[in-house]
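Should a chain be cited, it is by its letter among A, B and C, assigned in written order, with residues numbered from 1 in that chain.
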Amino acid sequence: MRSAVVEWARELYEDLDFSAVHRWLNDNPGSKAAGYLPVYVPREILHACGFLPVGIHGGGDRLEIIRGDAFYQSYICHLPRSIIELAQSGRLDMLSAVLFPSTCDVIRNLSGIWKLLYPDVYVRYIDVPQVSDPETATTFYEAELRHVMRDLGEVSGHVPDDAELFQSIAVYNEMRTVVRELYATRRERPWDLPTEELYLLLRACEVVPVDEFIVQARRYLAAVDSDRRRPRDNSRVVVAGAFCEQPPLGLIKSIERAGCYVVDDDFVLGTRFLTADVSLAGDPVHALADAFVQTELRTSVLYEGDSLRKRRVMKERAEAAGAEGVIFAAPSFCDPALLDQPMLRKGAEAAGLPCIAFKYSENTGQFQQFREQAGTFADSLKLWNAGAE
Amino acid sequence: MSCVVGIDLGSTTTKAVVLEETGAILGRGITNSRSNYDLAAAVARTEAFINARFGLIQQRAASAIAATAVQKLRRAFVLEQFLHQLRRLEQLMQEEVQRSIPAALRPAYERALEKVCSLILDEEEDRFTQPPAARSDFFRDSAGSAFMRLAEEVAGSHGVTFDRLVGLYDKCIIRVENEPLELDFRDHIGEALHRIGDPIELAGAVDAAVATDLTPAFTVGTGYGRARLPFPKEQIRSEILCHGLGAHALFPLTRTVLDIGGQDTKAIQVDPDGIVTGFQMNDRCAAGCGRYLGYIADEMNLGLHELGPLAEKSTRTVKINSTCTVFAGAELRELLSLGQKREDILAGLHRAIVLRAMSLLARSGGVSDEFTFTGGVAKNPAAVRAIRELVEENYGARQINISADSIYTGALGAALFAKRMVS
Amino acid sequence: MAQKEILKDRSMILQKEMIARHFERLEQAPANHEPVVYTFVPGNLTELIRSFGALPVLPEINALQSGMRKLSGDYIAEAERAGHSEDVCAYVKCDIGMVKSGNIGPSGTKLPKPDLLLLSYTGCYTFMKWFELLREEYDCPAVFFHVPYQGDGKLEPEHREYMIRQLREQVIPALEKATGRAYDEEKLRENLRLSALAEDDLVAVLQSGKLKPSPIDGYFGTVYYVGPIFSAFRGTEEGVEYYRALREEVYARAAAGLGPIVPDGSLDDQRYRLVVEGPPSWTHFRDFWKMFTDEKAVVVASTYTKVGGTYDFGFRHNPDDPLGTLADYCSGCYTNLNLPSRIEMISRYIREYEADGFVINSIKSCNSFSAGQLMILREVEKRTGVPGAFIESDLVDPRYFSQANIKNRLESYFQMIESRRQGSGTGATVASDPLTSAAVA
């Protein structure tokens, strides 16, 4: 059972042709698909407008870059060239709309490239409120979301009413609940729920209808419960920084195989951006905006107005996850992750959390150095703990 | 006879082309680039003129017998040049022995060097009597490999160390390369003729070739090191323009040129007259250039020219994600340690380099018909194959031109600019 | 002729004096109890800051000055030792390194600590993190002013409202608190009126690049010209005076048919007219400039000189709508414009300034500028038929300036333009009567 779900997810992950999306479009004549880039967009709006929301990541280490490098200099991260490669090879032709959230300047500018390359596709850069005053922030984001919803409704031919949007919110609340359960189970029993599998499920969630994901994730959780494994003497770590360009699966496996249990991470962070359920009362767009503004999540793509909180954030995450150390794994040339790292690391080390850091890109092919580093780190955490006892 | 010269001072080789007024190529010359840029240019140019004079002899040598004799004369000439340099090398090494070897050890080193050099000389004399076989055109390469091999044999029996002999060689070969030597046609043609028995059927042709006045009316320099040529500004053209025009001269229907050289890669678009309309060069790192293949060859302990043919034997290309020269060694060792075959890794490396070139082509405006591929890497069959595949996949069917003389494209372009200056 | 030289000197002397006075005043600020506000060039709210009697400090200007004074390499190394990645913006690292090394400013005087960090988040993601980092260093109050990006190529009314609301509810109260003074809208209006006066003169100077020969260099020379208005002097009498003098001086050069003063003298014989996109390399500013002037290339317009405001398309600060005009100003700064708008702007410059080519200096540090520049290259070439050159370097990281490489590329580029001219039978740039152009009318 477990392996059936994992294989389902792996197949989706490995499929650079988005066959699942094409199947859905065939099965739902007249419907459209809409893409979105990392880190977070409210998929409820896409869903309510009748789109299949499709998370766009790069082609990872499976995609050879032929056209993408013509658009990007060597000192820009790998993700956008990989996404361009997917698009220029026709693999994203089925998207009628693409949303570019405010993640960094590279993704922001990619929205402009998209407008130029694909004038028939609806393209919108979605700014997010960065101000500390919740009311100002909510008003802004709410207006932003209304604007997007109006436009998207025109593209899909269906502007949802409040009831429909609430229905979508309810489904995504359920998705968030399941994802929280997955993370909680891994936190409690990381030996039963390997991060590799969790990661594949999250990636599946980016390309299939949300209800299909919920069914599969529940099946997986049930299978995990009935398939108990033996704990190993591994070290528990938080892996921070991989919220946008995703690491190759081999990197995640390398960290685990080197003797680390990943008990908290930033992978496919959009699925966990909202830390609480979105309210099902009042106005649904307002509820979505409010949930964003009220999120407890602290991430590099948002301004942190509270310097104490910035210093505490890694400590809080490690404590909540019961982690003994932090691995900062950031994509090369990733501004948000790399500019944040010295501050986060300082906070972690001040709290007595050992840290290591390395950079990757989504097509990194060799993992020897990561295995060695993570292995040494896991061993040193054990020694550290033995010494502390 | 009025002529013009183009010189392309590249990062690894320096090339020269001599053109007749009509635009016809009279001669080509090549040498390895070295710290003395002027000298590299002078050597390449001398070689081009020697080549031109042999061309003149060839023209006059109508009969088949004479044609064969010219071939033989050419080889004899090359041998004389070699021996001349070998004598100079030995002289310098002997001087160096006096300077840097303790007196007690000197006699042994003197004898050892004498032995090694006389063995090289014997080998060369012997080689001349054998059918021609391919090897590097450069004294540094051919003398170097013979010296290493023979020094190892001689060292033990002469009571000297191999390392010291190599040290002497290394020190002196640089000096031989960086001092002007008399390697010109007139200096050696007499000895060469004598060596092949002064055949009567060549006498007139050689005399005429010697007597022909080949004074260049204008010279234009180009290439990576062009700024260091002792030329005024109007005699310097960018390698982009020269490659564009040179490719146009070789293949008049050329519209897109790709040049992968040692230090950089260039994608050039030209109009029907060979005038450059757009170009892109690789970004600031040398990743994906010929030099990268050089690193790989060193890492694998292979000759540069062996890489392509070995990659051609691959049955399963390994995917290489990084063409970073800095990481090339480590990446290679990891792949080898994972049990990947050398030929499969090499096939992947060639593809990776060509992918970088493809993105430059895309940046410069794509690949139009006809497409001409030049530079040192155009001699590499694995790179050529990867180019063919990727061009076809991405741009459809294109006429792809590769000239056997593609290494001279830049120098040819420079010579054509020189010709324009005259006319 | 002598008079012109005096005029030239006058604007330079004026600028030097203004800046020296400003930094002296900054050094004395703690003693004189003058409040200090740190902010960034794009979207700077100088009129508002000054209306509270506060003095602005601009970290990017300090970083670029460190680059010009060859100090940035050490500062960057200092920041990298403290854990900053080699991959990220060198301005940030240079600034952090300077703070860690004693915070001595460009004129050799010590910079005061900020009483307020006013983060106007305009057109550059890095600013956000930069201020978080500075807040760590100074442990002082900070206020955030979010300027939404013009993703769809225009300022949307909701975005304007959002900015005005932030100014009213966040920024002004924070300034009141930091300075201990009440908001004085009349003072702000007066400053805005002065800004508009200086802006008129600046635009006249910028547009003189349309003349042949151009009396200005629209990039290398103009980064000096925009210095006062991009930093501490917008909305001040000193600023107005400077731009009036500059305009007179440039017009005098134009009337005499002279080109701009460049490192080797006056560039009167101009063989190539260029538009430049992207910031310059401050560590090798003169070397870089010389690569243009050696080939007799003059820059007639550039985008970098619009990062602190795009005045040449009509915007002026409007004293009748004080907060609204600040919102309009911030939103219109160059790096806050989307890629299609930037392409349109460059294409317009090429057409209106009759440029022979355009050069993109792609900066490793700056993704806001650089991500998408290859698309810009392709589109602008397509729209204008004018060929572009693409070079790579960095703002203040000396490790990323490869002299030979860049020179090689530029030389090739200029020769290409020349050979295309000859090939197509069109002659070189024709000099024309400087005052017949509408630009200076």
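Everything that follows uses one rule, which is that a contact is a pair of C-beta atoms (placed from the backbone, for glycine too) under 8 Å apart; a residue touches a chain by one contact, two chains touch by 3 or more.
All figures in this text were calculated on a predicted structure; none of them were measured in a lab.
Farthest chain from subunit A (centres taken as the mean of C-alpha atoms): B. The innermost chain, defined by the distance from its C-alpha mean to the mean of all protein C-alpha atoms, is C. Each chain gets one centre point, the mean of its Cα atoms, and the points for subunit A and subunit C are 36 Å apart. We define each chain's centre as the mean of its Cα atoms; on that basis subunit B and subunit C are separated by 48 Å. The centroid of the Cα atoms in subunit A and the matching centroid in subunit B are 53 Å apart.
Contacts with at least two other chains are made by residues 374, 392 of subunit C.
Across the assembly, subunit B contributes 283-284, 363 as residues in contact with two or more other chains. Among the residues of subunit A, those touching two or more other chains are numbered 70, 73. By the touch criterion given at the top, residues 283-285, 287, 319-322, 330-331, 334-335, 355-356, 358-360, 362-363, 390, 393-394 of subunit B touch subunit A in their complex. Residues of subunit C touching subunit B in their complex: 374, 377-378, 381, 387, 390, 392, 400, 402, 404-405, 407-409, 411-412, 415-416, 419-420, 423. Residue ranges on subunit B touching subunit C, taken from their complex, read 224, 227, 237-241, 271, 273, 275-281, 283-284, 363, 365.
For subunit C in complex with subunit A, the residues that touch the partner chain are 82-85, 87-89, 92, 119, 121, 124-126, 128-130, 132-133, 135-136, 139, 142, 144, 146, 148-149, 151-152, 156, 158-159, 162, 165-166, 169-170, 338-340, 342-343, 362, 364, 367-368, 370-375, 379, 392. Residues 61, 64-70, 73-74, 361, 363-366, 368 of subunit A touch subunit B in their complex.
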